[in-house]
Amino acid sequence: MNQETPRVDGRANDEMRPVEITPGFMPYAEGSALIKTGNTHVICTASVESSVPRWMAGKGRGWVTAEYSMLPRATTERVRRDRGGKLGGRTQEIQRLIGRSLRAGVDLDVLGENSILIDCDVLRADGGTRTAAITGAYVALSGAIEWLRANGRIEKEPLSGGIAAVSVGIVNDTPMLDLAYEEDSQADVDMNIVMNGAGAFVEVQGTAEGQPYSTEDMNAMLKLAKIGIDQLSVEQDRAIRSLRS
Amino acid sequence: MNQETPRVDGRANDEMRPVEITPGFMPYAEGSALIKTGNTHVICTASVESSVPRWMAGKGRGWVTAEYSMLPRATTERVRRDRGGKLGGRTQEIQRLIGRSLRAGVDLDVLGENSILIDCDVLRADGGTRTAAITGAYVALSGAIEWLRANGRIEKEPLSGGIAAVSVGIVNDTPMLDLAYEEDSQADVDMNIVMNGAGAFVEVQGTAEGQPYSTEDMNAMLKLAKIGIDQLSVEQDRAIRSLRS
Amino acid sequence: MNQETPRVDGRANDEMRPVEITPGFMPYAEGSALIKTGNTHVICTASVESSVPRWMAGKGRGWVTAEYSMLPRATTERVRRDRGGKLGGRTQEIQRLIGRSLRAGVDLDVLGENSILIDCDVLRADGGTRTAAITGAYVALSGAIEWLRANGRIEKEPLSGGIAAVSVGIVNDTPMLDLAYEEDSQADVDMNIVMNGAGAFVEVQGTAEGQPYSTEDMNAMLKLAKIGIDQLSVEQDRAIRSLRS
Amino acid sequence: MNQETPRVDGRANDEMRPVEITPGFMPYAEGSALIKTGNTHVICTASVESSVPRWMAGKGRGWVTAEYSMLPRATTERVRRDRGGKLGGRTQEIQRLIGRSLRAGVDLDVLGENSILIDCDVLRADGGTRTAAITGAYVALSGAIEWLRANGRIEKEPLSGGIAAVSVGIVNDTPMLDLAYEEDSQADVDMNIVMNGAGAFVEVQGTAEGQPYSTEDMNAMLKLAKIGIDQLSVEQDRAIRSLRS
Amino acid sequence: MNQETPRVDGRANDEMRPVEITPGFMPYAEGSALIKTGNTHVICTASVESSVPRWMAGKGRGWVTAEYSMLPRATTERVRRDRGGKLGGRTQEIQRLIGRSLRAGVDLDVLGENSILIDCDVLRADGGTRTAAITGAYVALSGAIEWLRANGRIEKEPLSGGIAAVSVGIVNDTPMLDLAYEEDSQADVDMNIVMNGAGAFVEVQGTAEGQPYSTEDMNAMLKLAKIGIDQLSVEQDRAIRSLRS
Amino acid sequence: MNQETPRVDGRANDEMRPVEITPGFMPYAEGSALIKTGNTHVICTASVESSVPRWMAGKGRGWVTAEYSMLPRATTERVRRDRGGKLGGRTQEIQRLIGRSLRAGVDLDVLGENSILIDCDVLRADGGTRTAAITGAYVALSGAIEWLRANGRIEKEPLSGGIAAVSVGIVNDTPMLDLAYEEDSQADVDMNIVMNGAGAFVEVQGTAEGQPYSTEDMNAMLKLAKIGIDQLSVEQDRAIRSLRS
């Protein structure tokens, strides 16, 4: 492992890009946030519905789900909109990941028969859009929970500690935190990690794009991820507190 | 005409909401702008492709077309994404209107075999999204034309004077300029007008939602539209000049 | 403006093509008509359903909507059927225009919770199919209303005066009434106008295909439209009276 | 077999409904016909394209295919248009049957690399629409072949004798020719038979809707079919001759 | 008719390929069978649902329907899965044929408001997949009926005698029983015949792929079919009895 | 961690279900295998095409991709076929995982401009279908590579060591290897691991369905996975060798 490899933007290998979370960015939504991680910018909104999908009705439990999309020019090459009958495989994977990750931070029984639909729309994409979406979505979700409480629709706290996500990877044989697009496209391993506030794993997805990786590599990446998640949690807390004040 | 009818936001009947155009808002696109008209905010991008649709290939002419979409929480009630196989009728009408209007301001022969695809994504919707989209799209289009020229791919000027659009309508028997959503939903007549820089009509679409309207009503609305378009043209010029400096 | 420009078929600029409306053309439908305007032939049927779309149920109001289609060889080149998942933009625009125009002539409260679905199928197309469809559809609609009354399902008259439509345009700098296909394809301006029996505007849609147009041009076209609509109203009345006798 | 069973419309069991074929009904198509069999009316057009589907290109052979559709109010209850992504199973079966039947009457090698697309649009439906469509389509096809010859695009005769079709069935234990809708809906057996001019079978499709049927029943139905086809061939010849004169 | 024509695999013209039916092949289904006819192998399952489609609810009658699919490499060239919005015409025809044929062997009133959905999945295809599917599906259906009886959900016997199917055809002017793929692809006539246990016809579908065929040809093919169906019935009975023991 | 927890089928926590791989199961495919892991049975086929997808043509590299499907009654409740326009998110995720995993074991440059399409069809599902699919697919892939070599279309060996996959999880606080369906549905953590023959990770996907998990849990699961993969590799080798002999 070569700690001297210079990164695209001069960061240290265990350094996140600058993170900025603006809560309440979309004023018509019950909860929302704009999250910026370097040049990756994602708008997250949380919409409350006082019902649940048909297949889970009548059980007194709530539901949280997500949709993900990119503006066509979030990227340097225009990307087609997901408008055909077939929703792209990548989009579906990301949507499922976001929804699953957030549900790991919510007590659906306490939520009652309410649904929260998270929309993540990428304004600008420079790597790590799915992890930024999860991190921002948790702030939007907190806003929606706050709204439900303010409107007397829930009483207890359904949130069980924060959910945040970060990407790590191995580039030029070097484990790195928070890959930018250019790094990601050269990475041998690309790993997305979702953790809760207590530092336990909610989801680990690590793919060898080039060379398969060893247990040692994995451990190095998991350590980097913890560093990033800790920083993101601080930013999330700050954003959520500002919502309540 | 009753000039005393108070408007939702206290404006005079011939008064636009505050207009603000930020060119270059989407840095990865060849041309872009964020346009705000009161609480209606639309991101417009222009993407250049060095080819044309198959049905018009080999004629030496270019093409300009548009897509329109709203973020789900651009509105107070969440609106579903246009993801099914069927693209909604309203969306298609708006897309066709934007593309047709912009083409009226471009000499496609001078453009050569290049396509410019305009994306209009509504961040926030408070009435008049399609007219704001046209007005902002013209600035994005100008940026893309500038880019083509800077890259030596066109020589002559294909733009033949600005294209801008505004809504007018009749609310409580009173003709009004630039309807906000609440006004629009009560209007007897809703009219969208697209003009070029010389004050000639590119498109007039006037629909009686309630009472059919007289020739006199129509003339009053056309006059208001001219007032609005003149103001929008000034803002467009300012934005375009700032792009070139 | 050059009044001497000879038209394709020798008509005067303010002259309609021969109009012929055959009510009851489709005997299985509650209301129907075949309308011929020169070589543009459209079958219009009105189907009654004793329910309304879900989103408007329980309000005691009715609904009128429309579908539009062309037989593949209504035109000189075969046109594909609208069978894919995506309904073409042009088709959707026309369908929405027909439905909206007819609703402007019906008191939906008087109609009660009944729906009338208008089908417009073009047998032969020589320009002006959408305006012919609206004009013929009103006769079909009248037949269906008559049927509802005869079957004791409505008591008062929901129709508030006729709805008819015509195209006008500017060809070779000359405003002309009722454009045939060949004229339409060379027109600088193409305008579709829907009026009610009292001569008020229900819908005005004017598009500059070539040169943008002046207020003077618009006024000239609106005058021509009035001439055409007056003639169409006479034919509609004749057809509707023959239904009742 | 009970020859006294009275039929819906007083016909004898071996009697066709009145048949009327109007060639050239759709003037913009290369070939066309309106066929009426009692209250079953079908518009058939034949469109020529100077190419073949990709999978058969370069073999010097032609292709004939068909589409089938009903106007929504061809029937007493409105039928939805085939507009969704899924084309109904019944529609597909009929289209495939029409195409296959016509190809049995054409020498595709003589046709050369030309395609003929047959459109069958049902104006009014009272049973036997698919067989009427085949019979009428052959006249439209003949018109298109004539057009190809007149335009010097084929030299030899690709038609190898007429193709016509008729329905037969067993209603109340009685074999009957040319079932009207009311008979068809009560039939125990419903059989569609396509024959060529020489009286040989091109297609036989017999379905027991109620009781399975014996070989004797089948033979009785085949005999009735021959009677009907002979009469249809006479009408086809008359129509085709009138085209050539 | 030339009895000496040697067949692909040395069979006599009136000889079936070896038939083998394994009941209970899919242990999670209420009824199932694997049928092998030479190299044509089809898995048939029957799934019971205690409801019927909406359009027939409340009448106390049951329903039987079918789906048909091939594994992509059931054939020597890979065939695409039916995954697009459009289900292929061939697939729909076969599904409809299987469902219709089985319903001819079931008293839907005795079945009560239960549905049985038959799935036919072709593992290997060497001609005659649709007829093998029908023959095997009847065994799966019998298993599901047995299951309904064992679970006390029906009392009387809804099955009215077996349903089996076989293909026949004319190859090199010779009528043949049970065509293998290679024979089928050279056949002048291809006929699928479905019969019940009493030897009456449920469905006859005969298509002239090459030369149209005479009444004599038809009679020869029907006789061959009877020979095949008799043999298949014996195999079905054996399989069904083994289920009950 | 409680090693005494009895498993559903009496296995030890680090014990695989019986594994059986039958190569050449689908004789018409270039490569194939049936893999059984307990009651999970998957048919895998590999189809060779002498071209690559358009987006990668002309680079001299090959491609490997996969499709995954379940027979409707692979499960105790019937599952709908993926036939609508929308391919389910779960299906897409699995297909992408299979394709990506196999590509990690192939040198695409050595493969040349050939595509190998893997089809995985689940006959019976009792947990772990996606991992069984990957393991079986590698055997099918090997068969196809062998076929390419035997046909002189590749020279060097494109396979870089085996790819196999297994599921692990935490059930009742106990890490377990190769979860059966009943275990999987109660698991707190469900992890799918893909490794190459050298014991390096190709893909790790671990999801907390219930409680988030610690680094210690993860390490325990990774160790179990290694045990399973080693056993699967032995079975793969045996199957592949039998292909070559």
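A, B, C, D, E and F are the chain letters, set down in written order, and residue numbers restart from 1 in every chain.
One rule holds for everything that comes next: contacts are C-beta pairs under 8 Å (C-beta built on N, C-alpha and C of every residue); 3 or more make two chains touch, one makes a residue touch a chain.
Quick caveat: nothing in here was measured; it's all calculated off a predicted structure.
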C-D, B-C or E-F - pair sharing over half of the A-F contact pairs: B-C
Maximum centroid distance from subunit A, chain identifier (CA atoms): D
Whole-Å separation of chain centres (CA-atom averages), subunit A against subunit B: 34
Between subunit C and subunit E, centroid-to-centroid distance (C-alpha), Å: 52
Distance from subunit E to subunit B - Cα centre to Cα centre, in angstrom: 60
Subunit E: positions in contact with at least two other chains: 84-85, 87
Residues of subunit C defined as touching subunit B within the complex: 84-87, 89-90, 92-93, 95-96, 100, 104, 191, 195-196, 198, 200-208, 211-215, 218, 222
Partner subunit B, residues of subunit A touching it in the complex: 26-29, 32, 43, 45, 47, 67, 69, 71-76, 78, 81-85, 87, 117, 119, 121, 123-124
